[in-house]
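A, B, C, D and E are the chain letters, set down in written order, and residue numbers restart from 1 in every chain.
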Amino acid sequence: MPSDYLWLIPLVPFAGFLINGTMGRRFPRVLVSAVALLCTAIPAILVAWLWIRMRAPGAPEVLQIVSQPWIQITGLTINFAFTVDHLTLIMLGVVTGVGFLIHVYSVGYMAHEEGYWRFFAYLNLFMFFMLVLVLAESFLLLFVGWEGVGLASYLLIGFYFQKDSAANAGKKAFIFNRVGDFGFLLAMFLLVREFGSLDFSHVFNAITVNPDWRGGVLTAIALLLVLGAAGKSAQIPLYVWLPDAMEGPTPVSALIHAATMVTAGIYMVVRCHTLFDRSPYALGVVAIIGAATAIFAASIGMVQHDIKRVLAYSTISQLGYMFLACGVGAYTAGIFHLLTHAFFKALLFLGAGSVIHALSGEQDMRKMGGLRKRIPITFWTMTMGVVAIAGIPPWAGFFSKDEILYQAFVSGGLGKFLWFVGLVTAGMTSFYMFRLWFKTFWGPEHFDEHDDLHDHGAAVHAHSGGHAVMVADHDDEAAHHSHGVHESPAIMTIPLAILALLSIIGGWVGVPAALGGHNEIEHFLEPVFSTGVTTEAATTAVGHGLELGLAAVSVLVALLGLYVAYVFYYKKPRTAAALAARAPALYRLVENKFYIDEIYSAVIITPVLMFSRLILGGLIDGGIVNGSGAAAGAAASGLGALVRKVQSGNIRSYAGWLALGAAAVLVVMVFGRAIW
Amino acid sequence: MQLVLFIIFGGLAVAGAFNLLLQRHPINSALSLVVVMMSLAVLYWSLGAEFLAAAQVIVYSGAIMVFFVFVIMLLNAGEEERTKGSRAAYLVGFPGAAAIFCLLSFVFLKESHALGSSSVGGYLNHITSNISEISALLFTKLLLPFEVTSVLILVAILGAVVLARKEQ
Amino acid sequence: MSTNIVALLPEIILTLTGVLIMLAEPCLKPASSRKPLGWIAVAGTVGSLVAAWYQVSLGVTIHAFSNTIQVDAFSVLFHYVIGAILLVTLLGSLDYFEGYASHAGEYFALLCFGCVGMMLMASSVELLMVFIGLEISSISSYILCGFRKGQATGTESSIKYFLLGSFATAFFLYGIALAFGATGSTNLYAIAHGLEITTTPALAFTALALILIGLGFKVSAAPFHVWTPDVYQGAPAPVVGLMSTAPKAATFAVLLRITFTGFPTYQHRWTILMWILAALSMTVGNLGALGQRDVKRMLAYSSIAHAGYLLVAFTAFPFDGIAAACFYTATYAAMNVGAFAVITQVAGYDERARTIDDFTGLGQKRPILAALLGFFLLSLIGIPFTGGFFGKFYVFSAAIHGGHVWLAVIGLLNSGVACFYYLRLLAAIYTRPGAEAARLDRLRPVSVPAAIGLAMALIATVFLGILPDGAVRFAEYASHSTLIEQARQECAAHPEDCHIQLQFDVH
Amino acid sequence: MNIDHTILTVITFVPLAGAVLLALLPDRGRIMQWGALAVTLVTFALTLHLPFHYDYSAASGSFQFEQNVSWIASPAIRYHLGVDGLSMWLVVLTGFLAPLGVLVSWNVIADRKRLFYTLFLLQQVAMLGIFVSLDLFLYYAFWELSLVPMTLLIATFGRTVNRRRAAIKYFLYTFIPSAILLVGMLWVYSKTGTFQLPDLAQLASTHSISSDSAALWLASLAFLVAFAVKVPIFPLHGWLADAISEAPTAAVMVLAGKLGLYSILRFSFSIFPEQSRHIAPLMIALGAIGIVYGALIALVQKDLKQLAAYGTLGHVSVVILGIFTFTIAGMDGGIYATLNEGIGGGALFMLLGILYERYGTYDMRDYGGLAAKLPWMVTFFVITTLSVIGLPMLNGFVGEFLVLTGSMQSAITHHTRWTVFATTGVILTASYMLWMIQRVFYGESNFNTADVAAPDIDAREHFALWPMVALMLAMGVASPIWMRAIDTAGTALADGATATEPAAKARTSITPEVVSNSTSNFTMPATEARK
Amino acid sequence: MVPTSAYLILAAVLFSIGVAAFLIKRNLITIFMSIELMLNAVNLTFVAFAHMWHQVSGQIFVFFVMVVAAAEAAVGLAIIIAIFRTRETLNVDSVDLMKS
């Protein structure tokens, strides 16, 4: 049958992983990268072809293939089954497309790293699991991908495993994801209990055929799924792992922690929209979590100095947007923003990577500035990204963000409030992005010049062990470069360019009717959200005027953010510090990320460890469990000593015992019945 | 008649026994044991066991006790010194002994009516047939024990030889 | 051949052997080895075993000497056990005295005579006969205990055993006297019959109580066990091997006959007593062994415990109980005599190895001896596929079938406690030897006869563990043979209510 | 001729023959290793006969490869062997682990090799015997026999000075309950007159073992406690940590789990069905607690083996939780998880052993940054870890998932709470395993072990480890191969198909008020909402 | 006319005194004598019962007891002599090398 090749989409990267993972160590770098790129290019091509096939008129809306059963017991069967609908198509596109670009970029970025083969093997492994995730036809298979990407991210974050911080970050990421999985698993158990199956089609059909089945256990399932999503997509309260994940190489941050993996949560929620539609309560929770995360993360992002962390918090906040969208039932908007965000955030990260590469490892924005002439391509491409995320038309970010805000506004209940939060967040976003932009590319140069760069770089790398080779390489680079700060090679800049382009035009697929477009993506996804018509109705009812008004407002807010950033970090660079000095406590609070990590460790981790060590390990295990056995032994030997005390060795005493025993026996025999 | 004999010699036996208990010198104990045996012989006779009475006098007080006295002399055992042995002997033993006695006598008294009482002399009033019956029984019905006793005595002799002979 | 001779054949052969040895002894030069005498004893033992086999091959119950002894499968079984024990002991101690000026001749003779007494006990149904047999076996073991007159411990164990033994014998006799008083006879069947019509039941209880006290002492059942550790510790190893098994077997035979044949009327009473004695013996024995360093002493306590296991069988229904007791006696004899045979080899006449530490490293120095000892210890613990396991299993299943679940619980918990000290010895054997293991180097190589003896014990233990079917059948046959005889006697007493089936499928 | 009727005997006693052979061979050079390896490989090959000739279509609860001959006339004991879906794979697993055990002991056991390998093979005999015997007496014989070689292995080849203490502790801990178990067995026999498991199961199903319910209760407890100690179940695990941290790797690989769990499934469940169901809530609670408890204590261990020991406690508790739900998913998952425990735990202990072989310490604080030096080692370690923490596509996940699914399905309301509690184990397990990985392999290299010249995994160890890894992947991806047989057994043991019947089928008939009250507490199971 | 029980109780008295003597006396020989005393008590019982049952078998039993007593005396005293040889004392309390 024709869609068998669906299998190839995930399996090819897996093959790549196997090849590089087992033999890569002995391969030359060229070969490694060739394998890796090939194994990501092929799926991309396949997806493109698939796309074409499914856009073709009369093409089935859903492709499904079922293969061997994976788990099969009486009463429950779980198959290896893939399904492709339009939602999947979009995800596939993002994953393979952006994924491929980032692979290309990595070839340049990682060129001098040791463990090159390892890196690409892991990347391919990630691609495999990510594709399984989006293609899965059952909750459990989705969970496979879900865990798999978690694993890949664990391995990649801990890529510089000699660095304790890196290893820690990897562990942290995995464990926080596990907390999410805890929810996901429980949701699946409940699903099995309620539906006896984990296939999407089966479950969702079962729900749709019971129109009056709302809330109840569905809410439970939905909330548990939300917990899972929060873990994967770094939402409150489980977002803390994402900033630390920046310990990984920058392409990893771009691919996994910006474009693809972290959006898995949103994808999952959207995939289960049938379920969520039946549980307004859960949806409300989603929306609130989203909004809260968005503004919270943005506020932290405003004061970070590490360029990658700024981007990380911005990612969290953007993911919050998407959650918000899902929460108000605007799944399309969520996916739309997911799409555009994939483009510009990937772009931003890669750009940041390029900057770091240029400064040979420097990540602190306070040590940057004035780079726009040194690395023009990076500058221009990154500018595109900044503008896009800031939400200035006609860049991609504007359309998707605006859609979300609009949908939030028109959704009843908390809608207005959510909209306001989103709006504020938009302002903050544009502020901290431009702050980054100004601090990095404008103003005086704070980075050290070429001559003493090495020691500095060495200093940087000494603490980040993995780069050792890179430093060495920079010496001879320095030989034929005029100065240490240099533009990245083409293999890195080309992906940047492409992504820049995408983050300009990417949004045009979703131009709302109000702006004279006709929201293709909406129609494209319609078969998936056949239930999403409600929001559609709202649009027409309210009319375009409102939509335009809101758009204008958000644009203004964005520009305001731009202006403030301009004033603070270009016009009068002191004002920021002055402002910070005005409210030092607040500033410190925000700069230290509201001490969330500390709170977690103080409230949860330390008590748990103490409890285990003292109560469980010491009292129960050492005391009761082992103590009881020892006590029994002591009692036995004590009695034994008693018995041996009788054995005084003196004949007369023995005779005494005999006499006593005799008397006892006589008593028993004579009065036996009576005393028995 | 019976009663008188019983009271006199029973009392004598008990007295002898107590004397054995109280005397500190083995010889005195031995002699008091002889007294007990003699008085028991009388009681045997009064119960119509004339043969046993004789045997008691000859074998027991004659042979065995002489043997005892002989060994006492041989090892010239003197006054037994009051070493303090184990307290268990007293703390445990005497209650035990007392209990044994009480239980036994309790049982005997309980059953005394069923046991009836006995008149002087045997149920056969001429001694010869008593002995003849004993011998008859001994060589017919209880032949085997009688024969086997020889083995017992053989063992005893062996033992005496093995144990008492000085290692060279 | 007259029935009397047939009935007494094994005993006669042994007696003659003993006498022959005593006659031969003076003919040998004082300095020369006494081994030949030992060989004579071995030959005699084999002969008596053959005779026992001949007896059982007749397949009928023989009453001889006007009902003083009764030779049935039951007594033959015990004859086998006692004879086998004697054989292993003799083989093990053939060259035990080599190089020591000692009365080896008398030793062999005494062993033979002692076993004559035990065999008589096993087959007699007349308390007088039992008493004589008991005295023969006891006196000979008194002497054997003190055989190494050099050591103070030897004579001490001898005197302890002697005084306390006679003390207990007095109780036993008293019991017989009262039994005689209650029933007017000392023949078990007569007693059984008399008890049904006796007018003085209390006397009968007391009689049985006193008899059980006396015999309880002989089998070292708590609370009459006090003598055991001291006596065993002081006595020579082979003698302990013998007297911890053979006299006990004989005494248990007597106990079985007295309780089940003589006093079945009062079973409801003595079951209680047996229950208590069993529980007490098991517990006391195992607990006492816990802290022991001296191996023989430890095994003494363990023998107390095993007496307890055996007493458990008395609480079961007659048929199961007797069968189980017979089987367990056999297995216990096999493994215990085996263990002591090994210890004899290791310790030797001069008691090189006394404490557990002295056995450290045996596994290195003498792997085979160590393996054998280990095996016997495992059997004593009751590890499956050894006789000890099936024996325990059989006994306790009988008890549980008799409804005494809690006794079984106590017993098996005890066997758990018991592991501890057996394992300590086992672990010592298999830990790497230190400097103290030097004395093990002076070990003589195991002589051929000793090896044969060990092999016999080993084979018996393994066989009883893995293929116990035949043994079980024989035990059941024995049990049946005595019970059926009892039934016959009752029929003779009052023929009206006589309903018993007189055949039992031997195979 | 058809070997099917004797194959089990052959499988069981080939190692015995091997043991005897080794005992006779001279202990020179590598004779012992090669001999043991050959024997175990042959045994493994023989065990493979079972899955290939197993009749998967046979009715559930029926035994195959049976051999049933009279052994002892009275008490009626028969030499009765046979396997079903429950025991077959356990037999194969036992056969599979043995050669690996030999391989990992290859150099570690330097002297007294003969003793070691003889005991090792005897241990295998006992375990195989336990899995194949269908006669209670025979089973018990093997059960007790299995104690001896293990105890001697610990006492003789233990790691530290208190090896003897640990050995005796292990022995007593398991022997005393077994003694009580014997009483229970004998009681059952005295009531029924048979030791044959099928007959007993038959009688039990018709409630005709005994009418005395109190006695039945005691007997069932006697069985359960004995098994629970062997497993071990939560409060009864006193021996585990000591025994594991002392015992040599090859012994540890087979120390915990299988035997006890199998015995519960086979004997407690079929002889005391009602009692087992009545006590299920307690056992489920203990299982759930055990999961979290083991994980939490493992979290704070400094000693790698202690950590693994408490981890083991957690994993066997998962099985307990599963099987006592009496749902099909729980049963199948539990049995599957038993196999996984053997493989995952075995692999983990092998790796620890290999590590110890290199560095001579189990103390985490002496390790660090080994990943750079031992790439293969870290690879195996990570894979094993992932299997242990239940990453999908590896074996651990399938069992764990089914178990928890089952416990969520099981018909008693408050199980939902325990399920949630137990599921937290997912987090904690990951925590301590990753913590260990990081402490040992990542970060700066530790000065205690930095200068030790340690080679990476060598060929022999590759031979030992690859089968494990391959099996982890295979059992994670292609579980039906194993599940086919297991499912028949699981279905026979579980409470029929009711528990797995999905609620949605009945949803159409839901009345509004029921919906409203099921809204009020959503943990209420479908089974109730249905009426 | 004396009730049989009187004889029995007399025997019991003697027996108990024998037991007590065994417990009290220090000298091995004396202890041995107390055993003889106990045996005599038993004999008295036998004779009394023999008289009661009009059966001589009881008397014969006594006869055998005497024989056995003689044998025991021979062995016992031999042992005592051996003891005396090894430790030059007859005090029972000094015979406790082996204990616990």
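To be clear about the criterion, a residue touches a chain if its C-beta (ideal position, glycine included) is under 8 Å from a C-beta of that chain, and two chains touch if they have at least 3 such contacts.
None of these values were measured; they are calculated from a predicted model.
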Separation of chain C from chain B in steps, with touching chains one step apart: 1
Pair with more cross-chain C-beta pairs in contact, given C-E and B-E: B-E
Distance-maximising chain from chain A - centres being C-alpha averages: B
Centre-to-centre distance between chain E and chain A (centres being mean Cα positions), rounded to whole Å: 97
Chain centre separation (chain A, chain D; CA means) in Å: 36
Distance between chain centroids, defined by C-alpha means - chain B, chain D (Å): 71
Rounded Å distance between chain C and chain D, as computed from the means of their C-alpha atoms: 44
For chain D, residues that touch 2 or more chains besides their own: 172
Where chain A touches two or more other chains at once, by residue number: 644, 646-652, 655-662, 666, 670
Junction residues of chain E, two or more chains touched: 8, 15, 18-19, 22-24, 31-32, 48, 50, 52, 57, 60, 64, 68, 71-72, 75, 79-80, 82, 85, 92-93, 95-99
Chain-to-chain touches, reported pairwise for every pair that qualifies: A-B, A-C, A-D, A-E, B-C, B-E, C-D, C-E
Complex interface listing, chain B residues touching chain E: 2-3, 6, 10, 13-14, 17-18, 20-21, 26, 29-30, 33, 36-37, 40, 43-44, 47-49, 51-52, 55-56, 59-60, 63-64, 67-68, 71-72, 74-75, 77, 80-86, 89-90, 93-94, 96-98, 100-101, 104-105, 108-109, 111-112, 115-119, 122-123, 130, 133-134, 137-138, 141-142, 145, 149, 152-153, 155-157, 159-160, 162-164, 166
Of all residues in chain E, those that touch chain B in their complex: 1-10, 12-21, 23-27, 29-30, 32-34, 36-37, 40, 43-44, 47-48, 50-52, 54, 56-57, 59-60, 62-64, 66-75, 77-82, 84-85, 90-94
Chain C partner contacts - residues on chain A that touch it in the complex: 636-637, 639-644, 646-647, 649, 651, 654-655, 657-658, 660-662, 664-666, 668-670, 672-673, 676
Chain E to chain C touching residues, read off their complex: 8, 15, 18, 22, 28, 31-32, 35, 38-39, 41-42, 45-46, 48-50, 52-53, 55, 57-58, 60-61, 64-65, 68, 71-72, 75-76, 79-80, 82-83, 85-87, 95-99
Chain D contact footprint on chain C (complex, rising order): 363, 378, 383-385, 389, 393-394, 396-397, 400-401, 405, 408-409, 412-413, 415-417, 419-420, 423-424, 426-427, 430-431, 468-469, 472-473, 476
